[in-house]
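Chains here go by letter, A, B, C and D, matching the order in which they are written, and residues are numbered from 1 within each.
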Amino acid sequence: MTSPLQEDLESRFKDVEVRALEQNRVSVLVPSGSIPLILRYLKDNGRDHLALISCVDWIEQGEFEVVYVLTSYMPNDTEHGPGQRLHVLLKTRIPREDPQLKSAIAVFDNAEPYERELHELYGVNFEGHPRLIPLFLEREYEIPPFRKDFDMRKYVEETFGSIPSVDG
Amino acid sequence: MDRNQITKWLKSPAKMANKYSLHAVYFCTGCGIIEIPPVITSRWDAERFGVLPVATPRQGNLFMITGYVSLKTLRAIIRTYEQMPDPKYTVGFGSCPINGGMYWDSYNTIKHLDKYIPVDGWIAGCMPRPEAVFIGVTHLWTLIDKGKADGYVRYKKNYAAYRRNQELILGKIDWPPLYP
Amino acid sequence: MLPAIILVIAFGGTGLVYLAGRVHPRLRDVLAVLSSLVLVGVISYGYGRWGQLTWFSKFLGVDLSLRLNALGWFFSIYIALINACSMVFSLSYMEGKERLDFYYSMMLLVSASMLGVVLSGDFLSFYIFWEIMSWSTYLLISYKRGLALHAGMKYIVMSLVGSCVMLVGILSLHAQYGTLEIVELRGLLAGASGGYIAFLLLAMGIAFGIKFAILPLHTWMPDAHSEAVSPFSAVLSGVLVRMGMYGFLLIMYSLVGIKTILELGRGAWDFHLLFSWLGALTIVIPTFIALLQDDAKRLLAWHGIGQGGYMIIGMAFGTSLGVAGGIFHTINHGSYIALLFLVVGAVEYRTGGVRDLNRLGGLMQRMPVAFLGCLVGIMGLIGIPLTNGFVSKWVIYKTLIMEGRPFLAFMAFVGTWGTVLSVYKLLHNMFLGQLPQEYSKVERSPLSMQIPILFFCLVIFVFGILPGIPLRVIQGVQREMGFEPLELTLWGVASDTGALNMLNICLALGIAFAVVFLVMRLGPKGRKVSQDDSYAAGSYVPADRYQHSVEFYNPLYRMISPYLKDRADQFCYWIADRIGGLSDSTRRIYTGYAGTYVLYIVAFLAFLIFVQLVWKTW
Amino acid sequence: MRIIHVVVSPLIALTVGVLFLGLSRKIIARVHRRYGPPIYQPVIDVVRMMSQRSISHGALFELGVVLSLAGSFVTVLFIPLGGTEVSRELHPLAHGVLCPLCGSGGLLVVIYLMLFSPLGLALGAGASANPNASIGVSRKMLLALAYEVPFLLVILAVMSHYGTISFTEVVARQQQGNWGVLSVPLSAAAAFLILPAMLGIRPFDMATAPQEIASGPLAEYGGPYLALIAVQKAVHLFVVISLFVDLFLGGGVNIITFLLKMLAVFLAAEMINAVLPRFKIEDAVKFCWKWPTALAFLQMIITVVSK
């Protein structure tokens, strides 16, 4: 059965693939170009809370999958219908070599730290982001650490192993 | 516990006073800090041994590093260690400061703390219980007695090596070196 | 013969300095300082040579005379010293500023007129010198143009009102007794009725009150002090404001005598109790307003008003201890308030005119002598033992308690604690704490500024540890005014109901300080560390990110700011607006058309006819 | 004779003060149902701190502490520590007045000498250029202003009640007649209410709060300077409590009874300290200006009216 949201999205945007996961979870796969448009649309229709932006490294297909988790703040003055609890997982695929995306700060200004985290740990570049400086890590890494091709043990051996112990 | 032996007091008051008045500056890194409150409150009461938490490193002489040390925290640990007055002792809690512990292959944590600041005593355990902390303190007493708790002397002697290691791992350090 | 020489030197000096300015600026500076120092020498030579002489006879039917007595000498040496110090200070402070001839001659003129006021033997010359003093002060306050003009205007308007009221008092004296000589009037006034004395006190009191900045009449002082040039505001607050005190002493004790003062008024309404309550209010309210000021000079100006209250309380009680305390406090206050103004001037000179306490900081490392001066100045202002402020406050408190007036003593004590807080804020925000980068290249204050600062520090400590020296002079003044003098020792007040021995306190403090210092030297010496290496929870403190002297007493400010609107100031402005409105409406009568004037005449004639018809007055 | 007194009374103050500090840590521990350090723990702390080599922010940083300790020691010289002329014939054990400098300026000097210790520490903390220190000093000054208003009312009520400013006479009059607690009861109550504020202990220790502002003015002090500050805290504790005992409990017939009375007052103050949390500075000022001031003011009116 197709939920009202599914027809709505398919009618409005082309090549949108909507799949209903388990109860109250809907995943929407869209091309990377139309992200801001859909975010704006979803925000106006009840999905006003951007809970998280995360990223999955599909190294075999050479792609990153960036996932926007949207839900609603459910203000307590309105009654909570079943539709209110719906979580929309907006997914998009971008190439691994030069991951580019438009920043979502224009729509959800709380996306700023999430985008900095993705930039720092995966190397995804968000244009339009005011300051893409490191969020958690102390310094820049050539291969961002969360990528699958980042060899953890070799890196540890190189940086920490090379520090001579202080004798005496 | 030879606190009430007057002869020892008369012979070496500074050493005895350092043993029985360890004012602790503890650095709440990682998971270890949850063990400190029971140590200093009614259940195990560290104050009967003279161990008292103090607010600033300027007032303390025992430096407890409780838990794994990330790159960012190392910068603050070095700064705090350098701000403590001279006869100072460092105790590492748990296995993470010893050899990286369960984060042995993590890109963001320091593996061997004693490459960057001198450590006088280790307390093993993936977060040592308060009894282990007291055993550590008593060992520290014996070390002070034997004069082996000389972390601050080693820091001053090999300061160049320590500083080089710190700059190797942390890149630019913005405060001037302690012993130029 | 001596007072005439003093005045000739003073007024002659003014003219000479102005002419020398035409010739060469360096000559003018030397001449100005020289004349001040000569004045100090001549006056100190004049101790004990009391005398009276008439220097101009038959001026409008009254001959003018000069008189040198203990009270006059006491104030004149005090005027000469402060003038000399501020002259030396302004040598380097006024470098490069324009209209210096005008400035130096005016400074000398102010001191000369003050000397005239203090040495005058009769009320007419007193009034003449008083007027010269008032308007020369006006010229100097508005020296810096701009906002200073407004402050000067406010000052001159209020002091003119005071002078007119004083003139009324003097004329009534002349009409009543035919003579204005103070010595003769003293005898004649003994028989005067209580009502006439009350009127005289009120008339003269308002004039002296305005100059002394007692609470309701104080509104000109904060603006005048903060806008005047620093050396002059030191003179202004140090000694010129205390001419009011000389006036009060003159009329209350030299003229009217103690007995009549004490019985004046009945029961709760007697004069000296009301007067001391006014003094108590003058202590508390300005001190708490000073607590919340952010401009250094304005803070000191409010303290100038606050400390005046102590003198009023001391003097109003009419006991020998109280009057001695009041007079002694006048000279003490002069020394440390002038010192603090000079220090603020030095800081302002070095940091390019910055007086805002929220932007300064850490200047101790760059200007040690100014810091020492400020430290000693605030210790004097608070009244820490070993400083002269403490001795005079101790004497005043003793009178209050002996007279059984605990509430007045409480107000005075609260005033002291208000001073402690606000004055520490002055020291902390200017000299302690982090040194901002913009002032890191400030050099030390120049030598000509350091000399007066160190001189005042010396005065504060010498009079603090050996108060007997100034108190002996005050004994002479008291004997002259008819009080039985205070029993004194060189280092304090000796009396059975509780003596004061400053030497013991000084020795005790010195020994304790030395012992504790040696004990500290037992431990290893601390490693010198720069201001950036301070504890900041493990993070490094980049320079200039910490300016923590902003809004120093914010919690208190939030609590008492609703009560602190300056009502007296608003009342004066309200009156000014009413007069403005009145004069504006009268202006409309003269419309400028001939027709309206004709109309006025016709209406007036009609009115006259109507009166004639109804009442047939002719 | 007086020279011996000048040496003896500060030593008494030092030992008794340090003993009281140790006692207070033991009492707090016992209240928390734990053993707590031995009584002589402050001595161990002071010896350890003296052996440490700390940092210094310049001359004023060190001299501020020396000034505040010297001020406290000199204040002790002005306070009669038990024994008065009156008591000499009353009790066989009585000894003469143990108050070396009471003659040169009575109670007024004590009030002004108590300005030295906060001012000295404030100067030192200001020179340490640490923001925590400045915030701590601002709080300490505000707290001082808060408790000073009722404290002055109390002292003036006592002075005008006995009509003298000499301390020994106040004590002597109390020993002849009834104690201060009975003759000026409201002032005694007001004084006890502000006792924790004057001592700077728990409900009013926001000036040196370790958790909020890294122990305020003491943030940059370590080693020998911190030892001197600890000793100053002990002597200040002795001064404030001996002031309370002399004003309201009639001083001591001899030094022993004096110290016993001090111990009683100290234990009462410690009980408050052990259990109460810390006030905010605004609430502390509001509290000090409400209840203690009202009591002291009432007592002042009574004494003036009954005079």
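The working rule: a contact is a pair of C-beta atoms (placed from the backbone, for glycine too) under 8 Å apart; a residue touches a chain by one contact, two chains touch by 3 or more.
Since the structure is predicted, the reported quantities are computational estimates derived from the model, not experimental observations.
S.K.: Relative to the centroid of every protein C-alpha atom displayed, which chain's own C-alpha centroid is closest?
M.R.: Central chain is D.
S.K.: Which pair wins on C-beta contacts, C-D or A-B?
M.R.: The greater number of contacts lies at C-D.
S.K.: Please work out the Cα centroid separation of subunit A and subunit D, and write it as a whole number of Å.
M.R.: Their C-alpha centroids are separated by 63 Å.
S.K.: Can you check how far apart subunit C and subunit D are, centre to centre, with Cα atoms defining each centre and the answer in Å?
M.R.: Measuring from centre to centre gives 37 Å for this pair.
S.K.: Could you work out how far the Cα centre of subunit A sits from that of subunit C, in whole Å?
M.R.: Centres of subunit A and subunit C (C-alpha means) sit 72 Å apart.
S.K.: With centres defined as the mean C-alpha position, give me the subunit A-subunit B separation in Å.
M.R.: Between these chains, centre-to-centre, one finds 41 Å.
S.K.: Would you give the residues of subunit A that are in contact with at least 2 other chains, written as numbers and ranges?
M.R.: Within subunit A, no residue touches at least two other chains.
S.K.: Listing for subunit D: what residues touch at least two other chains?
M.R.: In subunit D, the residues touching two or more other chains are 51-55, 214, 219-220, 223.
S.K.: Considering subunit C alone, which of its residues make contact with at least two other chains?
M.R.: If we look for residues of subunit C contacting two or more partner chains, we find 524, 533, 535, 537.
S.K.: How do the chains pair up in terms of touching? List each pair.
M.R.: A-B, B-C, B-D, C-D
S.K.: Spell out the residues on subunit C that touch subunit D in their complex, using ranges where they run on.
M.R.: Against subunit D, the touching part of subunit C is residues 362, 364-365, 375, 382-385, 390, 393-394, 397-398, 401-402, 404, 406-407, 409-410, 413-414, 417-418, 420-421, 424, 427-428, 431-435, 492, 497-505, 508-509, 512-513, 515-517, 519-520, 522-529, 531, 533-537, 546, 548-549, 552-553, 555-556, 558-559.
S.K.: Which bits of subunit D are touching subunit B when the two form their complex?
M.R.: Subunit D residues touching subunit B: 25, 29, 32-38, 41, 44-45, 47-48, 51-55, 210-211, 214-215, 218-223, 226.
S.K.: Using the touch rule from the top, collect the residues of subunit A that touch subunit B in their complex.
M.R.: Going by the criterion above, the answer is residues 136-139, 141, 145, 150, 152-153, 155-156, 159-160, 162-168.
S.K.: Spell out the part of subunit D that touches subunit C in their complex, as residue ranges.
M.R.: Residue positions touching the partner: 6, 10, 49-58, 60-63, 65-67, 69-71, 73-74, 77, 101, 103-106, 108-109, 111-113, 115-116, 119, 122-123, 126-132, 134-135, 137-138, 141-142, 144-145, 148-149, 152-153, 156-157, 159-160, 163-166, 214, 219-220, 223-225, 227-228, 281-282, 285-286, 300, 303-304, 307.
S.K.: Could you please specify the touching residues of subunit B with respect to subunit D in the complex?
M.R.: Residues of subunit B touching subunit D: 3, 13-14, 16-18, 20-21, 23, 41-42, 45, 47-48, 50, 53-56, 58-59, 61, 83-87.
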